[in-house]
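Data block below; observations after.
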């Protein structure tokens, strides 16, 4: 029993426990947790500060190229550096298929982007926009077995949208192969219809983006996705839920015992549609889909974080600069539907939740850990390697200065976006030291590791991917009519 | 005060009252209700039997030609004769637009079919399958004003299906012009997907029709239609609801105070999916969409009739003979998805509900009247001319022999279908005398009026078409952002 | 066919229809409804005004003596005169048993009070406060058969309260004999506990009455009463519901199909707890139990009137003068728990609902008629003699001036209370002519009948008293264990 | 870092993690968890078996004397020995106040009973049956501070029952002092009423106990208790929930965000009312309150364990021998209401849940740990000292033989009851070695510690005792009316 590194005297907080103790690390892995552990080659005195499992940001867009050819402002270097400064030690990013793409080729591409730049660990969700027979029968089953055990599908956006038929194909495959399907749930036609009416009325300002993506678009699509998933008994996870109306569809399913999981993001806790109503196109900085709603929605989302409706808090970091490379790529003064969608938030995700959630009494420490780390690790097949402070886990740890006061501003952040929607907000609590596999990535605000030192994490079958084993009525009927296996 | 006709000593039953009295009729209209009315030129002694408002069958397919060119087995003569024998004095039938059709031309056509044949009164719902700009801006607004104040849209069937965008157009128009939208709510892709899987598995028998149209297809589409209607604050009426799952989506909306109405049909009270599982393609006779479910669903539908979830019981009479002119038009042994959809039921609708609903204690007499006559009249803009026994109303009346026992068989019915799915069932209660505008249409099983003596009923604004005046959240937001009128 | 009286050219409104016609009356009964009826000995030209069924106020305290010996300010003369001026032609009042009283003796007493004074028809609910064996086995069954087919029990007030055991006795009897149980549902201990805490804190002002009777007291007791009724499958009617919390318990039961009915009163639509917060004890004028709540509750109650949660709008007229004979009988400055409970409202009940409900678009005319007349008649066993404009019904009619504007003030009312809580409110619509059994009781604000000309109405089995026929689980278990009849 | 004892190579399972590692123990406490820990003075090879936190049975009746003077069959020796053999290392037992008792005296008494006999650790819940002023103002506040941080109140049983007023007193005190109130929720009057009717009908057999305690008695009282607790914003825990009806009241509260917790017991998972229907009074062995229900209820309870409605699985071990010292103390052939209430189950609690819950796929391992150990420890203020395998926790551990098959029979158990209701049932999984504070209490079925070696555990403020901070509407109203502090 000897240690490369010992974290001394931490208030070690997990999803369940809070323990004052030491953590012994060897070869990047936690090998002992105890009182007065023997010395390590190196020691860090946590000095009674909280030690959390390193954050997992399960929804980030990094160095991703959009269907219109737009490149994200953050590459795997700036993205992971920013994440690390905010306490996140693993990101899941998207490898996005465009129509016609081979999934394997897409992955080769994204691996190339990440490998030499990432400073923390990472994995990929696939985005399936073109579920051809090759993709579905050949590529995807193999890729799932190779550790890409989750994928996202879109119910909106012309270039990405699957129809209900294709979604059923995806759900059936996910169920069969043990993968988890993430869903961007907004009704495409409803958004198109409103957009057409708005543009026709000359309502082109960024704020009308919020009008064009109503809650009903979200709740309808959420409800529909759940019905499709239920038919084939496939679990699903609804990403970036923004409203009580969306939550209600999810809760209804959860109460019926369906395996429906849900994620929300800081923008739905801290922004409202009014943030899109600013002079000089600046509202564009807060344009994302679904859009922020209102204060009542924020309160509803907080309740959902506390009552278990949500399992995951991600950033949905979608970094676009407020210029012609990003938000304004389609013109200086584009109508709302030509503004690049997304807000940045990778670095502030955990500090915002700690300050406004834990310190304001909305969540306890354990729920904070669950939402930012443990549950994403479980749901996406990385637990207990990630998301856990336990023997055998990767030594991904954040020592947290719970007293530090920070007034947010982009100039103190490490992404490449040029602004933060949370500028000016004063919060309390910030990571002091961040470790990834035992390496000190960030200490006292300083980056201490090499570019490219992050590793790819192939993922196991997500805990969330287990079907319920409960058949839809007509599947049972088929069985009664002699048909053993419908899919 | 003199009467052409007096109905003497009836137990006159309306949606609210039951009164022993006489009814005086002049010029086809009820002009007095009273004790010991003066003599009329003619008198009918009701002899204490129930007198109900004549039935309104608000959902029938008569002399309708399908998108594949298939003609219904009943024309406006056999259809209305059959209806009249069953106590129905008004039918609403469909004038079906096929892609490319002008609505006005379609109506000219259907009027021609009906005018010389109908023996009772009739009106038309339009079926909108091609909402072109001409249709939406020019034809439909005018037609609504001319008395075609309701239309049906389909969410499934390749040739008829509207997408969500088009449905929003229709709802917005209906709201603006004061019409009511009826919805065939089943998810098209879900049905296609299951059908493809079933056919691929060689599961082609009629019984697999029931598997291919699951409750989830119905509940999903119902829920979606309601969301779309809610966005524009347009009332809607979900036709032929078959399952508790569909009802649940409707109830949820009703509890929230939305204007969502619902219809069900005898096939969902008396048939199950097992009726599709018969030798020699005979199951085809019970193929309709949505399909019959199971006994638990039947009980659920009965509850919905009694608790107010449903306002309307229609037949959805869709007459196809069990031969090459109908059910088997696409081959002698077609796969389930090539069987013409629909079951007959125009004549047995009221007797079945009376016998199994009223006499078995599931509904009282007033609810029976509401479901078969009063509420359809109100919802579709014919009240109090139709659906009412009150002064000024058309003298559409049924004198009901509540004691007569009938064993159902097609040979005793008057449609042109050649079978009835309810054959062999013994029920109690049957119309004795049926009057339409004071004319005795049927008496003691004999038809007493001329072909073509029925009249077209132009309809007022349906009571159901009044919007709620409650704005969706984002419509309010648009208003707050300065946009007064979004549609 | 000759008439004592013909009402000419009315817009006759019932729960279902609105018809322009005449009404022929003979011997106090409607004998014909028609166009251009023959002349009557007397005629009243309705001139196109609405003709409603005379109002039924199903919850009034008239000439009632409280357990502390306090006599109501209105006797059967002032009470019925006031009712008639407001459009009400039948009242149901309470014959209140005090501990030790024989029910028969109580009724003799109340009949004596009413017989020589009432100007409109009346019936009695019994109040059961002492369900002795004699009462339960001997008196009550006979009285029910004699037309006292409903009774009220209290869950609070020291002198009146039944415990749960006694309530089960009452429900079981009501079920067996076909009577309807009305329930004052508030949790006694909860109110006592709060009252003790409030008094101990010196919080004695009238406004603290509202604090001492919280919604939880109402919703708890409502929920409990429903459970007790469910055990023995007895219908029940919750009187004077004040809050959404109480409604929620009722709706839950209604959704489960239980026979639970509900009444609310004008004070819950137009007053709030703030009306109890006035200088110089004046808040005492608005002290009633349950107390008025807040504006959100008012909106909830309106929704409940429109969505069918409520079947009955009564006044709960409880007339106490603001002096030592009434509100202040226990001292000039009594603590809130010593103030006589109740507010007047008999005369303004229908005008308030018409003006604020119908004219403001919250209810249609038919719902107005249902709530004020038809449904009370049905639920309490007087239909169709009362509550109906149909042949054979009593000619109890109100011709309504829908245009008259009235600013409410006690000086224009006809009760003996000395104030109205609605003073200063301007409303539109007031009865023009009020008929009871064909007699013109009030015309143009003038009383035209003799004292004592009202009649007692023995009541049939209430429609609401039919049990559901659904057994509680353990009753079925008892049956399975061989016990056929548990009560 | 030296260890008294090292558990080697366990599959250590907590509420969140499953880790293959060693556990180092010093002075009865876990001081390290790690891979290849240094040797301890003593070592136990877990050999890959599961290591769970020692079970906590939070609801046991041991050496308790009833209000009728009946002594439980198990004293603190047989009770704790039996518990330990089943994997339980801490029990919470009741110190029961009878009317007139001083709480302090009661505790002295129970401490005396336990101190010299218990072989595992124990704590006491108080039973409050006589909340006198001395008890409420003097004794209870001090006792809460001394570690008796929870108490149970009864809503039924003549000798124990509190009325609603007293319950409010208790809730208000619990809230103020930071204690948790446990509730036996059954409606007393409802049970009395049914009992009287049953006895009058001669239905005296044990099976009628199940009829006399219906679900409605449970759901009503549960709902009422929650309303009372809500008024004062006090958390509560409903013990021994038996039915979906009871669960539904709990879920409704949980969905509204109230702090309502719930416990169930093996008898509601494995017995039904039919187990009371046995020859020769043997049904008496399964008489407990609430009684077991039916198979649908069992399934509902399983769902509640899995979906989070329940936090705690306890035994409610109430040991009465089937003879004149116990079940039949009031006669050889007593009517059902004279049979001592309760079933034994202390020893089989964890094995039953493991075999039928975990191995049958209804619960995962972590939920098993939560329900049997972690959540009780948290809710009752013993966490993380108990209920946790973490550094600093008591070394209360169970090494579990997941493969051992056992056919249950009382002769293999260690309690003093003489029968088990689960006899004949074959289950899989049984504790191999059980440690309490590092001491091997049981190994391979053999007891290895001294009588009296268990310790009393004074408890902290339960996590469950934190109020919500949400005021009832009328409390806010009181504040608005100027009354700062109502209790």
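The letters A, B, C and D name the chains in turn, as written, and every chain counts its residues from 1.
Keep this in mind: contacts are C-beta pairs under 8 Å (C-beta built on N, C-alpha and C of every residue); 3 or more make two chains touch, one makes a residue touch a chain.
It should be emphasised that the depicted structure is a prediction, and the values quoted were computed from it without experimental measurement.
J.: Using direct touches as single steps, what is the fewest number of steps from subunit B over to subunit D?
T.: Each step joins two touching chains, and the minimum needed here is 2.
J.: Please identify the chain with the largest separation between its CA centroid and the CA centroid of subunit A.
T.: Chain C.
J.: For subunit A and subunit B, what's the span in angstrom between their mean Cα positions?
T.: Each chain's C-alpha centroid was found; their separation is 49 Å.
J.: Let me have the rounded angstrom distance from the C-alpha centre of subunit A over to the C-alpha centre of subunit C, please.
T.: 58
J.: Give, as an integer number of Å, the spacing between the C-alpha centres of subunit C and subunit B.
T.: Taking the mean C-alpha position of each chain, the two centres sit 40 Å apart.
J.: Give me the residue numbers in subunit C that touch at least two other chains, ranges are fine.
T.: Residues: none.
J.: Which pairs of chains touch each other?
T.: Touching chain pairs, listed by label, come out as A-B, A-D, B-C, C-D.
J.: Under the definition above, what is the set of subunit D residues touching subunit A in their complex?
T.: 1, 14-21, 24, 31-38, 257, 303, 307-308, 374, 384, 388, 390-392
J.: With touch defined as at the start, can you tell me which subunit B residues reach subunit A in the complex?
T.: 163-165, 168-169, 187-190, 192-194, 197-198, 201, 203, 205, 207-208, 210-211, 213-216, 219-220, 223-224, 227-228, 230-231, 273, 277, 293-294, 472-475, 477-478, 481, 483, 485-487
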